């Protein structure tokens, strides 16, 4: 028996040594390939080369959400910013931690904030449920002095969801709208015109359904995905000021117009307008539905536009040139401006309050290199991310057909409305997420759902006072 | 004829069970060699039209499977070895040394641990690890893994040690062995079957563990296989061939190891537990 | 020389390391849970004592009770479906001479793989459009099932995956017990003309009752602490249909920042586990031979 145990252990140890050796070679082998695309960088000589003895090496952790093929263009931009920042700060090594968006926002970051060990740089959302909550708890680095030093404070169009008591705690990386992508090929095939009213949209959905095509691609295993459309429907039915009203408690989740929006969504679920089994499909699966032509329309953020580019490894390049984009159609009898579009500047980077001198230098270099006209324009051109900073308007042109359509749709709008999740506390958002899934699972009606949310909202607003 | 049927029926049923176990693996291996989702979706069980090895290069580059694998291996291994040795020492002191009253109390105290279902203390352990400033270090897993195995291991090993005849021990002491000497030279070898069983059970538990490693570790290069692979899945969800390749990479070494050691693992697992 | 077994220094050197770890990770954390269970604490601001509020909330929290119910499903499924199947397969394997090694090796295999990797693998098999199961259903012209996306099927899907992973582990345990039985008993019965089935029911099963009891106990314990497979496959969804006690508690803490409430839930889960253990001892374990360690 003893010999057997020794055999087991020694075999495992041997095995692990082999693996460790493999691990070593892999790292050195793969690094050059990952650092290949850096055309504009080669000009500046690396300072660490000139004074190698002085540079004290240190790691600085960076949590980003640019994982998977769909996010490759964003990742490329991040890579280059990091490379420039590393060149400016001798010894700095930005250590990536790539985590999927909703896992970061709702699982990892909240837990790390509570435990007090967030990464030094991390992807962050604004609003009372995210950035503002952490800022109040003193977990976020006050960026105001850095912005003043770099002179870019006035360059941002709006970072209000990252501000607490006049201090800035996060910087939006870009802006986005949420609207309706559609497959022009399928639309032409069945003689559908881009719908301008809700009735036309429903007629289009009916036609698609009859022909065996899912009207709307949907993956609601993560509730924020269906809530994009619900958020816009709420603005159509209850007016573009509804989100603000729900945030400060002057409006109610169960007022008739909001209920109507949820009821319309419920009706579409019942009619089978969304992907079958949507509760078991995630966001990537939703995109896949649209790309493979199984669904004719996709309600999504404008950040998705770059997936339909013709070049590169764009995941939806099969659809290149066949994607249209419109703002959500108007609702007859709906309150307020029916041309209003959703507009968010709510996602960007935040930084840990717990940093040493070196890390602060690295953070400064990161901000300095990331938040520039150059990358704002590149983000727009390569990735369809609308700028969050004031860049010269003549630079914002695009020959990408989808992005031109997005700009067109947004230009037609005179009012914008935010996403409610940037204005409500996390508990309310959690309740909305839970309730929308119950609605989709036919376990609750629109009225029940909105009543339940209103109850939590009232309790939270009362507790805040 | 009936006799022949009576002999075949069990094999038919058992082979069906074997198929149920193996088919998922076959699908994964085939899918990993296919070029696209469409090919995977068309015939999940079909042999790939063309062997497409690009996925293997891609998956190896994208997910640091080797790093995750090594982390899982050394953490599970050290925690299990440490757990077995600590528990064996304790069991020895409790069952063989002459402190009967204290031992009884300690034994009962440790028994309480058996009543606490695993994971229930997760939140408090998270706070504890945080207060110890161990988050995001290998210790954040090594300590709870080792500690988590103690009640069960002490119990099982104690049961074994009680059955070691007292004469052996007395003879050894007469020969001049001290108590630690007795433990290392006589008792440990005698209870090896139980130790191996405990080791294997603990090892499998640690190797599989997801919850703690998901929250206690953030840095990519410290992640274990379960968390690393879930991250990989989240990133490449819609690319079936790539996901399948990731699964092949993470499962293959285990299966190879298992192929060589399966008899020892199964024997070891059962040798210590069946006696109880 | 006998004094060496009474040497307190050695005694404590052997006992204290385990005891310290055990105290820290079991007892101390249990006390922390109890302490914070009576507070409102988000781990960002100082805790505020709220008395029994958390427990009152838990009793009124229907989502938590759905999770409790799901754990019960796990237990019932393991004890009443899995254990008989495990027994059946163990008896079958013990009865064959050829290929016995292959059967044993194969059925045990899934239990050495990570639960999360198995979750990923099965998520792929359950895929609504392209997964194996729906492809098979399609072959027979049946309507596809939204395995993990349907509130009615999601829990069953997870139970099946869980059974696939762990049945072999228990089969191997029971098989070893059967094989270690003295051969003469069975042979004598065979000479007396008892059929294979009779021999299994009357002789083998009663003799291996102690190990069956261990398997049941381990199954219940496993069902109580199940969490990984849920987190990986559904994260409690769709619409909370697959939430189990542990996943619910973890999410209350880590996701919603309700650390006080999560600690209170952990106390409740502990209490439920105690209750179940007591029930098991009274109803089932008493009837079989007691296993004393």
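Order as written gives the chain letters A, B and C; numbering starts at 1 within each chain.
Here is the rule we use: a contact is a pair of C-beta atoms (placed from the backbone, for glycine too) under 8 Å apart; a residue touches a chain by one contact, two chains touch by 3 or more.
All of these numbers come straight from a predicted model, not from anything done at the bench.
Peer 1: Could you find the chain whose CA centre sits the greatest distance from that of chain B?
Peer 2: Here the answer is chain A, farthest from chain B.
Peer 1: Between B-C and A-C, name the chain pair that shares the greater number of C-beta pairs in contact.
Peer 2: It is B-C, judged by the count of C-beta pairs in contact.
Peer 1: From the C-alpha centre of chain A to that of chain C, how far is it in Å?
Peer 2: Distance between chain centres, rounded to whole Å: 37 Å.
Peer 1: Centre to centre, by mean C-alpha position, how many angstrom separate chain B and chain C?
Peer 2: Here chain B and chain C have centroids separated by 15 Å.
Peer 1: Can you list the residues of chain A that touch 2 or more other chains?
Peer 2: 111, 115
Peer 1: Which chain C residues reach two or more other chains?
Peer 2: In chain C, 43, 129, 253-254, 259 touch at least two other chains.
Peer 1: Quick check on chain B: which residues sit in contact with 2+ other chains?
Peer 2: In chain B, residues 37, 126-127, 215, 265 touch at least two other chains, as defined above.
Peer 1: Residues of chain A touching chain B in their complex?
Peer 2: Within the complex, chain A touches chain B at residues 1-2, 4-5, 7-9, 11-13, 15-16, 19-20, 22-23, 26, 30, 33, 61, 63, 67-69, 95-100, 103, 108, 111-112, 115-117, 119, 282, 284-285, 287-288, 292, 315.
Peer 1: If we count contacts the way the header does, which residues on chain B are in touch with chain A in the complex?
Peer 2: Per the touch definition, chain B meets chain A at residues 37, 60-61, 64, 66-67, 69-70, 73-74, 77, 81, 126-127, 130, 135-136, 189, 192-193, 195-196, 199, 215, 218-221, 231, 234-239, 253, 257, 260-261, 264-265, 267-268, 271.
Peer 1: Okay, in this complex, where on chain C does chain A touch?
Peer 2: Residues of chain C touching chain A: 42-45, 63, 126, 128-129, 144, 146-151, 154, 234-235, 237-241, 253-257, 259.
Peer 1: Write out the stretch or stretches of chain C touching chain B in their complex.
Peer 2: Interface residues on the chain C side: 1-2, 4-8, 10-11, 14-15, 17-19, 21-22, 24-30, 32-33, 36, 43, 89, 92-93, 95-96, 98-99, 101-117, 119-125, 129-132, 135, 164, 168, 172-173, 175-177, 180, 196, 210-211, 214, 221, 224-225, 227-228, 231-232, 246, 249-250, 253-254, 259, 262-263, 266, 269-270, 273-274, 277, 291, 293.
Peer 1: Chain C touches which residues of chain B in the complex?
Peer 2: Within the complex, chain B contacts chain C at residues 6, 10-11, 13-14, 17-18, 20-24, 27-28, 31, 37, 40-41, 44-45, 72, 86-87, 89-90, 92-94, 96-99, 102, 106, 110, 112-113, 115-128, 143-144, 146-148, 150-151, 154-156, 158-159, 169, 173-174, 176-180, 182-183, 204, 207-211, 214-215, 225-227, 229-230, 233, 240, 243-244, 246-247, 250-251, 254-255, 258, 262-263, 265-266, 269-270, 273-274, 276.
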